[in-house]
């Protein structure tokens, strides 16, 4: 189990965003993280990736506790996350953006550039190196977000709603990218609202509701789970 | 099939050609011109102006490392400048130590002070960081004034005229000009190195979006600190050069807020966060100031600063990127057409 | 001894009132626009020169010219906000800082050119008079300055708490987006706030003239004190600025009494300590993100 989350609780003021969440992720698999809006999915990402410290509980990455580490230290260890609303370095070019990622592992600018090119080709951004990041389309921004994260050569990659805002063709392309990432040996945790997509590609699904885990298991099981259906009752979800 | 291969080959060659940085050509040209000027021109005033230009280009480049690349607006850099000036001067006057060595000693002290100041201060954002830096420089000035036994307070210190290479005192201005040139070249090279290295990329990332940078493994505080230490070191060297050139230092002059602002202003006018910005800024601003001061005399003392201030305000409102990036923009549009033409030609061929 | 200490304390408090008045404008502007007006001291300098010249040329008593100077500074504030501050509000904090720094340089040196570096003072019949209140000697001009400062501060409180405009200003300071959604014209509020902030400095300049001389760089001296006060009280917090002013006045008086040589350094040390230990100041919450507390 490359990632273990044990009893994580996180409160903000009076609000408990996460209540005793526990689960494990097997290496090389894709875990889909779903739940209605406000369920605590991004908060969970923030805790795992070191942006927040948990009030209770622990996060174990490759057997080592990491909840006390800073975000950049966790990235060094091999866990990288993307952001729900893409955060490109607007005034830098695409390749410069990705190089910020690749410099983590590369020892000189030449190597960093080469590795960045690889990451860009992987997500289909080849040819756009010198475009200023600010001027990219949503779809390309999402790809940039992924390329940048991939450039850090993570063992575990957390993708936060990387498919939001994409049209059907782009969705298919992004799904393909995700599958190829898994193929390369990287473990993925994916937050998504686009049900068909995520159910399709994940080995395991974890459902959060009001900060609590209400279901966990293979997609078909979770889809039939009464509590899950109830949580989503009245929620609109996309069948792409 | 062949056309496509030609295209790829064309692009690869293009990439290879672009690798020799045009900046190096500019630098070489600059060195040649400046050196020639130094050796040919004998007029003291013009040489002085050239020395001041290169001095400010270097000092502002040093500021630019933390201010431009690092995005942390220090208006207290006079602190390091003053430390450099006083350290080398005191070591020279009291112990006869060569100012070249004193310069390095001053640099070391500045680095230590910078580490002590910088580490807690980086938690502060925007104007609050700036305020702290201003306060530190003022405190140092007050200390310099009150430590009369050591620094002679507001009376200041004179560097005795004992010309010799190891004393860093020269009879003719041309030698000072060559030293200033060397200093400026070093700063340009340092800036160029930073820009394309991990430090530069990480600093740019931190400037753009600290959270995203952290998520990519950037230890933001550490890199800001690196930038500050490098910046402090070189600013300190500038202080020693000034002491050796002007041969007189006093607290209100070397720890002046005006000086800190000038360093920042030059970089902003030329283009903050670029290699050539501070240099261009110095070439624009310094001669203007020197000529204004020389020609208008006492009656309009302060006019140069009024002009500086006005230019700064206008730059900030109209051209926040600075002069160099705007020119770079225009130049980019030229070569782009050539590339498109080359690939198009490759496509045409069977 | 107690009498001496009481004397020191009173001097400190009285001057602190004026420091408070200078600082309140600065903190108000920051609270609403998140801009630190580095030229704030220069506006004080202009107010003082205006008071001086009105006295010198027309014999107008400073306490009478308060009204003229305040109006003048209010207009100056509007003009500055409209031409210099507004264009950079959308830019990076760096540009905002340098816009006002640039203005500060221009104003300081323009004053140097026009009025030269000499120290100018206003000497009215009462400016050196001293009142005896019990065992204490109280300078009339200082007392008046304090009373005016207190009165203006109370008026400002009333304005912010009770009037619609005042509430609108507080709204924008608290949450710009919410204010926008409530139909508040942010541009207009920014403009008026800057005007008010500068006008307050106008009052301060007028009441300071009988006490202090004016010279082109007098602004730098006072603005640094104002920064310390504002940071101590909490950026954006008007009550904090008032209390901070009093505290700094006391600190200055006592350190001037015990350790005159390092008097200047004391409040910078306070400043640095506050910024590093409790950057939000004694009362501040506004702008906490800017101060790096996350």
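Odds and ends about this structure:
By letter and in written order, the chains are A, B and C; residue numbering begins at 1 in each of them.
In this text, contacts are C-beta pairs under 8 Å (C-beta built on N, C-alpha and C of every residue); 3 or more make two chains touch, one makes a residue touch a chain.
As the structure is a computational prediction, the values presented were derived from the model and not from experiment.
When chain centres are taken as C-alpha averages, the shortest distance to the whole-protein C-alpha average belongs to B.
Chains B-C form the pair with the most C-beta pairs in contact.
Subunit A and subunit C have centres, each the mean of its CA atoms, that are 50 Å apart. With each centre defined as the average position of its C-alpha atoms, the distance from subunit B to subunit C rounds to 34 Å. The distance from the centre of subunit A to the centre of subunit B, with each centre set as the mean of the Cα atoms, comes to 41 Å.
Multi-chain contact residues of subunit A, defined as those touching 2 or more other chains: none present. Taken together, the subunit B residues at the contact with subunit A in this complex read 196-198, 201-202, 204-205, 208-209, 211-220. Residues 49, 51, 70-73, 75-76, 80-83, 87-92, 96, 99-101, 103-104, 109, 112, 148-149, 152 of subunit A are the ones that touch subunit B when the two sit in their complex.
For subunit B in complex with subunit C, the touching residues are 71, 73, 75, 120-128, 130-132, 134-136, 138-139, 142-143, 146, 257-258, 261, 264-265, 268, 272, 300-303, 305-306, 308-310, 312-313, 316-317, 320. By the touch criterion stated above, subunit C contacts subunit B in their complex at residues 35-36, 84, 87-88, 91-99, 101-110, 112-113, 216, 220, 224, 227, 231, 235, 261-262, 264-265, 268-269, 271-272, 275-276, 279, 289-293.
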